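Here come two complexes built around chain A, the first alongside chain B, the second alongside chain C.
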Partner chain A sequence: MSRRSETFLNFIYQEEIFLSLSSILGFVLFWHILTDLLGIFPSLILPSPEKVFFTLYEKITVPVGEERLFGHVGISVVRILVGVGLALALAVPLGILMGWYEDLDSLASPLIEVLRPIPPIAWIPLAILWFGIGLGSKVFIIAIGAFFPALINTYIGVKFVDALLIKAAKTLGAKDKDILWEVVLPASVPLIVAGIRISIGVGMMCLVAAELVAASSGLGYLIMLGGDDLKPELSLMGMILIGILGLIADRVILAVERKVIYWKKE
Partner chain B sequence: MNGKPAKEKIVAEHVSVEFEKDTKSFLAVDDVSLTIQEGEFVVIVGPSGCGKTTFMNTIAGLVRPVKGTVSMDGEEITGPSAERGVVFQQFALFPWKTVYENIEFGLKYRGIAREQRQEIVRKYVQMVKLDGFENSYPHELSGGMKQRVAIARVYANRPQVLLMDEPFGALDAQTRTIMQEDLSEMFVSEKRTVVFITHSVEEAIYLGDRVMIMTARPGKIKKTISISEENLVPNRRQMGFDDVIATKEFLSLKAEIWSLIKAEILAKHIY
Partner chain C sequence: MKQSSRRLFLSILSILVVILGWYALTSWAGIVPPAFLPPPQYIVTDFFRVVTSPYVGNTLVGHTLMSLQIVLGGFFSAVLIGIPLGILMGWFKRIEAVVDPLFQLLRPIPPLAWIPISLLWFGIGLKSKIFVIWLAAFVPCVINSYTAIRLTDPLLVKAALGLGVKKQRDLLWEVAIPSSLPVILGGVRIGLGAAWMTLVAAELLASDAGLGYMMQMARRALEPSVIILCMLIIGILGALMARGLKVLERRICPWVKQEEH
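Entry: the complex of A and B
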């Protein structure tokens, strides 16, 4: 590649980064103008970005409740990993079986259609009653929320595999079991991964909801505490951290997606 | 064919097939009877939607007739089998498998050992001129190359009967001509029974030992025309497509077949 086109590519690259960053920087600047600079909002209503970032810096060493900042982040991450992991371990195999065996589909679908519309947070009172306010109740709420998107996507992926591929496999001599493993499952991978991605997103929402209501640790707890103690900067800090966590989770799953769906056209 | 005593390979007797669409059922194939000899290349032509594909699917075992029977070697066909390989118009390659793995697919279920599979795959990769593309994925190939893989996949599986459903329909004209010539060559070297569906009258005459013209839906056999040295040129399977279609004999066959199809299209207003 010539030097000229190389610098040109570099330029484009930097331009893109500049654009991506500028929306965030612009937002922070706007926020700064509204608070610190013009004082339209008093600090108790909307603290300045500097105050939020200082809080974040401070909480790395100064504990809130029983944990320091990364303790809270870690607890939330563990809850989400266990909750979503449990949901996927149940939802993906069940979705495969329901998509493949019509009898099981007829048997389970009505029950799932009734349970699915119940918002996961409606389970919070029962979750606390059954599992207390420790890890168990959070994992339960997250698992309920993450279960259905993964289940439905897997089910649809398996059920609606391109009929032509199945015909091709049959006329090449493949039996039902071979078709499930060699055709149906690989063909459903894109939808299953998409389902997992949605499940993680829903799981994060459920995490915060569960931690808002009944927790003494985690990011949701920090957000709630900010309101209770009239420290909105603490709430904002928690919200920003959840945003960052979500972004990281999404990037990870996208990278996984690119790895396992290498055979799809761009 | 080929000097051997003729043996009935596929026999369809009074086959009717219904087709369901939006909860209504249509008669797609109406009382079709047909005997295909071993080693014969039979081409089915007819207007769009005349039930050609549906009829072929009954031979494949993918569709069951509502009346009549289809049998191979005297045994009724009740489901798909590796003995009747299908090449689909839309290729139907497994997109997550490489060219090699696609061609190898059926061989695994025939209980063929790995080394032998390797040998067979290599042979057919060469036959369809895809050397060097063994590790490519279907999305990296052109339409013509994809269809070559699909043809190699079916040939490698050594079915007794090859069913080809407009295999070149999705290809551009130049690629199509080359594929037709290659298929003609493979037909001579591999000696399999072939049933081939096409819209192209030229393709039908160039490839077929017998051309079966179907009526518009519900599909019946309107006429069957044998193509041989007597009414076309000798050695056409060694000749190029362009040379064959330029002959006087070819043109008169083409005119005859086309007028039969055109009459169907005009009579039933399906253009």
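Entry: the complex of A and C
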């Protein structure tokens, strides 16, 4: 990429930031007018933005339950990392093997097709029964949710690699093992990474659901507590933080994608 | 031909082995206690039990109908509002400028996270659940329709202009919308999946009927066989609805090559 186009991209990027910042400000202003200024919504229904912000500020030092705000955020982050990590550690190798070995595909596919339509959230009651309400049940649910997108994408990526590439490698004298490692895997990396991105998104959703249903810590717990204690500002704060967390996760995986698949042009 | 029969054989074999293994571990050898994982036959007997006599207030059929009613209500209203809004956003720059930033703000928040606050706004009844499900299905419908219209192939537009299409309206109705249909329907399918998932979450959290509620009660009563039965039904219904949409998709845009996965 030439220097000139790079500065041009920077310019666009900044203008985008400017536009989105101003629209967010407009939204907050509108929200403020509806709640605090005109009082159309009572604060028990929709608290003002400054109240939400103040709650955020307050909870950094004042604990909710057993943890302060960053403690809850940290617990949620740990749960999602362990759950998604576990899912990827199982799904990616299995997907590669299933895409590569026809017989394993025939054996595993029917089981996966039976389990896949069950939404991960429907596993929550069973997970609580099996693992209690600690880390175990949350990790299990997140792992189930994150498992299938990563598996399916890896499988498709490996199975439907351009046949021409394989033929070319064979003509050049590559052995089966070399074809898998040198041709098929690199060619399927874009799909695998896309699957991981979906996995993280689904994992976030499962995290929230698991923490809403049964938890005594984490962002989902704060959102639930806000509803139970009639403190919608606490719920809104948690929702905003979950949204920010999701955005950060997505940005990180996009950056990784760009690094790993350097040959793919945008 | 030989390859496909081998595949069929292996598929049946794996399902049989899993069910037999499940039976052997739970019922025959008794290594896994039924309170942890009930033997497969318990699920069949539980099915016949809850189909005929009520379980936590309703029969299985009643709970299922309750869930379906909510999910379809939320889903259809989301489709009816979401697709036109998305099309308008994609076609008119001004509407886009106003609505899009709000979407970008709301999008990263999982629809599930709205459940507690929607309970506060609408109470435990139907309304709060329909709202959350509406939200879950609405966002993908809008985003897909919006993106598809905005990314209408400029070649198609040029061709239409070259062929003498004069009015903007004709361009929208005859070119942009038909060419975006596959992507729009993709959004509808994502929305249905999200709606179904969100319904289960909402029913787990606060409900007095429905499949999610039934599962939650079965958990409290320590009846994992009923939980697994509900999970299977939720899975089957979700798959059936997705299949139905696929069929509809093929009807509406037969020119699109269907993928197998």
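Here is the rule we go by: the second predicted complex is superposed on the first by the 252 of 266 C-alpha atoms of A that agree within 3 Å, B and C clash if a C-alpha of one lies under 4 Å from a C-alpha of the other, contacts with A are read in each partner's own complex, and residues count from 1 in each chain.
Throughout what follows, a residue touches a chain if its C-beta (ideal position, glycine included) is under 8 Å from a C-beta of that chain, and two chains touch if they have at least 3 such contacts.
For clarity, every value in this text was computed on a predicted model and none was experimentally measured.
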{"item": "Chain A: partner with more touched residues, chain B or chain C", "value": "C"}
{"item": "First (chain B), second (chain C), both or neither touched by A:168", "value": "first"}
{"item": "Touched partner set for A:186, first chain B, second chain C, both or neither", "value": "first"}
{"item": "First, second, both or neither for A:246, with chain B first and chain C second", "value": "second"}
{"item": "Touched partner set for A:220, first chain B, second chain C, both or neither", "value": "second"}
{"item": "Touched partner set for A:142, first chain B, second chain C, both or neither", "value": "neither"}
{"item": "First, second, both or neither for A:150, with chain B first and chain C second", "value": "neither"}
{"item": "Which superposed partner A:263 touches (first chain B, second chain C, both, neither)", "value": "first"}
{"item": "Contact residues of chain A, present in both the chain B and the chain C interface", "value": "none"}
{"item": "Contact set on chain A toward chain C in their complex", "value": "19-20, 23-24, 26-27, 44-45, 102-103, 105-111, 114-115, 117-126, 128-130, 152, 156, 204-205, 208-209, 212-213, 220, 223-224, 226-228, 230, 232, 235-236, 238-240, 242-244, 246-247, 250"}
{"item": "Contacting residues of chain B [partner chain A, same complex]", "value": "60-62, 79-82, 84-86, 88, 90, 92-97, 105-106, 109-110, 137-139, 153-154, 157, 163"}
{"item": "Footprint of chain B on chain A - complex, ascending", "value": "164-165, 167-175, 178, 182-183, 186-187, 189, 262-265"}
{"item": "Residue ranges of chain C touching chain A (in the complex, touch as defined)", "value": "3, 6-7, 10-15, 18, 36, 101-102, 104-106, 108-110, 112-117, 119-121, 193, 196-197, 200-201, 204-205, 212, 215-216, 218-219, 222, 224, 227-228, 230-232, 234-236, 238-239, 242, 261"}
